[in-house]
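So, here come the structures, one by one.
Look for subunit A in each of the two complexes below; its partner is subunit B in the first and subunit C in the second.
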Partner chain A sequence: MAEKKSIIEWIEAMPREVIYTIMLIVLIIPLIRPLGIPVPVSARIKEWHEFIQNLPEGSYVLVSIDYGAGTIPTFEPFMLATMHDLFSRPLKIVIMTTYADGPICYKSVMDKLKPEETYGKKYGEDYVFLGYIPGGETAMKAIGENLPKAVPMDFYRTPIDQIPMLKGITGAKDFAVVVTVTPSGDVSEGWIRQWVTPYGTPYLCCVLAMMEPTMMPYYQAGQCKALCTDAHAGEYEFLIGKPGEGIKKLDAFSLSLTVLAILIIIANILYFVLKAGGKK
Partner chain B sequence: MADIWIELGIWVAALYTIFIFSFAYRDNPLFKFAEHTFLGVAVGYNFVRALSAIRKYGLDRLAGGEVLYIIPIILGILLYFRYHKTLYWLYRYGMSIIVGVGISAAFVRLIDAQFLRQIKATAALKLVTADPATTLGNIVFLVAVVTTLYYFIFTFPVLHTGGAKKVADAGRWFMMIAFGYSFAKTVIARYSLILGRLTFLLYDWLKIPR
Partner chain C sequence: MALVYRRHIPILITFIMGIMMIVQFFLVPPKPVEPYQKALAEVGEALTNWANLLAAFTIGFGLVNLFFIHGRHVTRRTPGQWYYSAWLLFVMFIMVIFGIFGDEELGISTATTYQFEWMYKWIYTPLSGTMYASLAFYITSASYRAFRARTLEAGVLLIVGLLVLFKLAPVWQVYLPQVIPLVNWIYKYIVTSSYRGILIGAGIGAVLLGIRTIIGLETGYLGRRE
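Now for the complex of A and B:
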């Protein structure tokens, strides 16, 4: 006859699939039936929003969609909220990407944003998409030095000198801010090296939550005017009054992290109980 | 008609998402199928985009009379000599230029951007401020910087013995806390990914009201 297991031993031997299932349920329930957990707007997201709102009329903004199709679920809510914020103002927005599959992300964002219908913006006069610019950091350097020379035409193969809003634009010194949303450390630091350091261009950077500690020194040193992560998307949507995917995830996010914290505490208690009992 | 294609696309994406998630149970042929399809599509797409970039930034300019663009095009072609049994050494010329240009572009600004400005910002830190929480934070920050730097002084072994070892130990603790914070943020980033797929499955595929 099998020896009867104690609760501690039973929990300890629990298959990981059970924990996955618990987490899945915890994630799905709030998505089907929102719990209405309050949305606190952090100071960091306010800084980002206020920076955009305080840009002088007619300022040129470079937005680099520096993520690929694989991270659309992660970054698109934040990117979309940023675009809403930017397009709601009288700014000249130059969009590009350093990712080969970045144009997919651009299309996905623009299909949801609908700049012509929602904000009355006109392609070529209020915004332009330069497409994928290969070369990574060398591309950032090249467009900072001489944009028309580095990028001969936009994504739709219209020569740069035939795009009204780009007439007279030479490089980084003409831009009031550079905005990037990226999961890459090379990219987030590359803009600092190639635009912030030589030209002093203000920089707004949104990175993966796990990259935040790496970017924090730049933010604290003032090289980054605002630093946010993909996890801020819900707060941003709430702040600008454009509820989207980010805000829907917040309840699930909060609840699942709470359950995760409880599981961590239980696991640690079990560890010490078993250790005290002489088991490893 | 367009709706049928959109719906078909949603179904394909949903099934592939489930195939990929099935790995959480264990490795299986459906996961492998989805993985290989994803890789194939990604490589195919990137190949086409790369060709488009070569045309836009190289061939068009060459055709427009900018003859110097022949140099990067030749250097690019040289990279493929890597697969040649005897002339493989030629690829090193292309590679050396890529590495050289990349490093020089980054390194010129690196010292200023990632070293000097960080030191300046730390040196300019005001230890005492009107806000007690900020004051405490700044003091902890300064102690963390000093002790962590101290931990990495290996030139003088005596600095890691006796009472002085406690300073290095404190630095190690600060690093562990920082790594823990980074790991926690990694978990948050992963949640963001899975929530993205779940919202797609629930709202777009299963049509659950938003």
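Now for the complex of A and C:
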């Protein structure tokens, strides 16, 4: 017959179902009833915002929506906040994607942004969507070298030479900045290899929080002018005064990470208690 | 003769294309001036666009491949598999049909037709997001069990892990701001220097792999040897 576990032993080896339940409760409560935890604005997000605000009037910006359906809940708040920031300025915005399901993500963002109604922007004059460009890094290289040749028509099948804002645009050297939001290391580093290194195009990159260390060397070397993560979405919305999904999730994010830290600390204390008692 | 077709010709094509891309990268400036630079730039652009076309083609190829693999499971009634394959084929068929022949009243590309978008938005996206979000539960459970200060190294890892958690949680950025400079220091000096080493190593490895592929020593891309 198995020896009966003490309460300390049970907590130390807590069944995963109990941990899942605790985490579920911790995530759901702030989503139903926000706790109103203050929103900090970090230096990174200020850097991102200031870079966009300091772009000269009429600058061309390439925005690549490099995420798919699985990461829409994670990345869309940040992408939307970036679009608000960009569309609030007199810039020429060229949008594309290297993800096959990127066009759906584009439409989802634009349905919320409503650039015509909110900012009075016109498709073809102030912004354009090139659609999905297959090939990953090769696609980045191709549009950097010769955009009209690599993408002869936009997503809505209008020839590039009939789109007013793209007249005279040849490639990477005409763009003031390239912006990407992506969960892929190949994509985030690909833009550096294909646009930043050969053409010196300034680069803003938003990745998953767990990918931040992989992009830090590029950020410190100045190859990436601003580096943010999906976790900055709430801060960005707060900074530009466009509260959305990001801010709503901040309380759940704070609470779940705090509970995770507390659980880890409790597990370690109990581990040492059991070890002192000769049970480990 | 078969060896020539299967091995020597592909290696020769790889060699010529690889050398062309290297020459184009190193000899052509962003604004080509000399006639030879312009010619090389043209060749480079053409090859890059070919690669993009091939990448687009592979999507269709993948669709056909999936159809054959899962079609075989269905026809052979593979135990424990065939009904999943049948469901996959059914869903794939539905998505393709609505993607191509859906509502075109907006006059825009097929990928945003109403029915396709509806299925994508209300079926695929929540399912995909759920798969991704379920990681939070697994990570919590795994952290609870694995993050134990059993050794000195594990203790250091535990402390740094907790500091990063505090840095990421907005609430602690407000109420415990002292932790941020410390984590930033760890990121700036320890993490970045480690990653630089990894990146430089991977970069040198990629150069070597490229050279070996171009000169025909690396032939994994040719498929199975017979």
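Everything that follows uses one rule, which is that the second predicted complex is superposed on the first by the 273 of 280 C-alpha atoms of A that agree within 3 Å, B and C clash if a C-alpha of one lies under 4 Å from a C-alpha of the other, contacts with A are read in each partner's own complex, and residues count from 1 in each chain.
One rule holds in what follows: contacts are C-beta pairs under 8 Å (C-beta built on N, C-alpha and C of every residue); 3 or more make two chains touch, one makes a residue touch a chain.
Everything quoted here is computed from the prediction, not taken from an experiment.
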| item | value |
| --- | --- |
| Touching partner for A:Leu31 - first (subunit B), second (subunit C), both, neither | first |
| First (subunit B), second (subunit C), both or neither touched by A:Tyr20 | both |
| Partner chain(s) touched by A:Val273 [first = subunit B, second = subunit C, both, neither] | neither |
| Which superposed partner A:Ser108 touches (first subunit B, second subunit C, both, neither) | second |
| Subunit B versus subunit C as contact partner of A:Ala100, first or second or both or neither | both |
| Chain touching more of subunit A, residue-wise (subunit B, subunit C) | C |
| Which of subunit B and subunit C A:Gly136 touches, first, second, both or neither | both |
| Partner chain in contact with A:Pro213 - subunit B first, subunit C second, else both or neither | both |
| Touched partner set for A:Pro40, first subunit B, second subunit C, both or neither | second |
| Touched partner set for A:Tyr156, first subunit B, second subunit C, both or neither | second |
| Interface residues of subunit A shared between complexes with subunit B and subunit C | 20, 27, 69, 71-74, 100-101, 103-104, 131-132, 134, 136, 138, 141, 157, 198, 209, 212-214, 217, 220, 231, 253, 256-257, 260 |
| Subunit A partner contacts - residues on subunit C that touch it in the complex | 25, 30-31, 41, 44-45, 48-49, 51-52, 54-56, 59, 107-109, 111-112, 117, 120-121, 124-125, 128-129, 131-133, 136-137, 140-141, 143-145, 147-150, 158, 161-162, 165-166, 168-174, 187-188, 191-192, 195-196, 199 |
| Sites on subunit B touched by subunit A in the complex | 24-25, 42, 45-46, 49-50, 52-53, 56-57, 60-61, 101-102, 105-106, 109-110, 112-114, 117-118, 120-121, 178, 181-183, 185-189, 191-200, 202, 208, 210 |
| In the complex with subunit B, residue positions of subunit A that touch it | 17, 20, 27-28, 31-32, 69, 71-74, 100-101, 103-104, 131-132, 134, 136-138, 141, 152-153, 157, 189-190, 192-194, 196-198, 208-214, 217, 220-223, 229-231, 245, 248-249, 252-253, 256-257, 260 |
| Subunit C-facing residues of subunit A, complex | 13-14, 16, 19-20, 23-24, 27, 37-40, 42, 68-74, 100-101, 103-104, 107-108, 131-136, 138-139, 141-142, 145-146, 149-150, 155-157, 172-173, 198-199, 209, 212-214, 216-217, 220, 231, 234-235, 250, 253-258, 260-261, 263-265, 267-268, 271-272 |
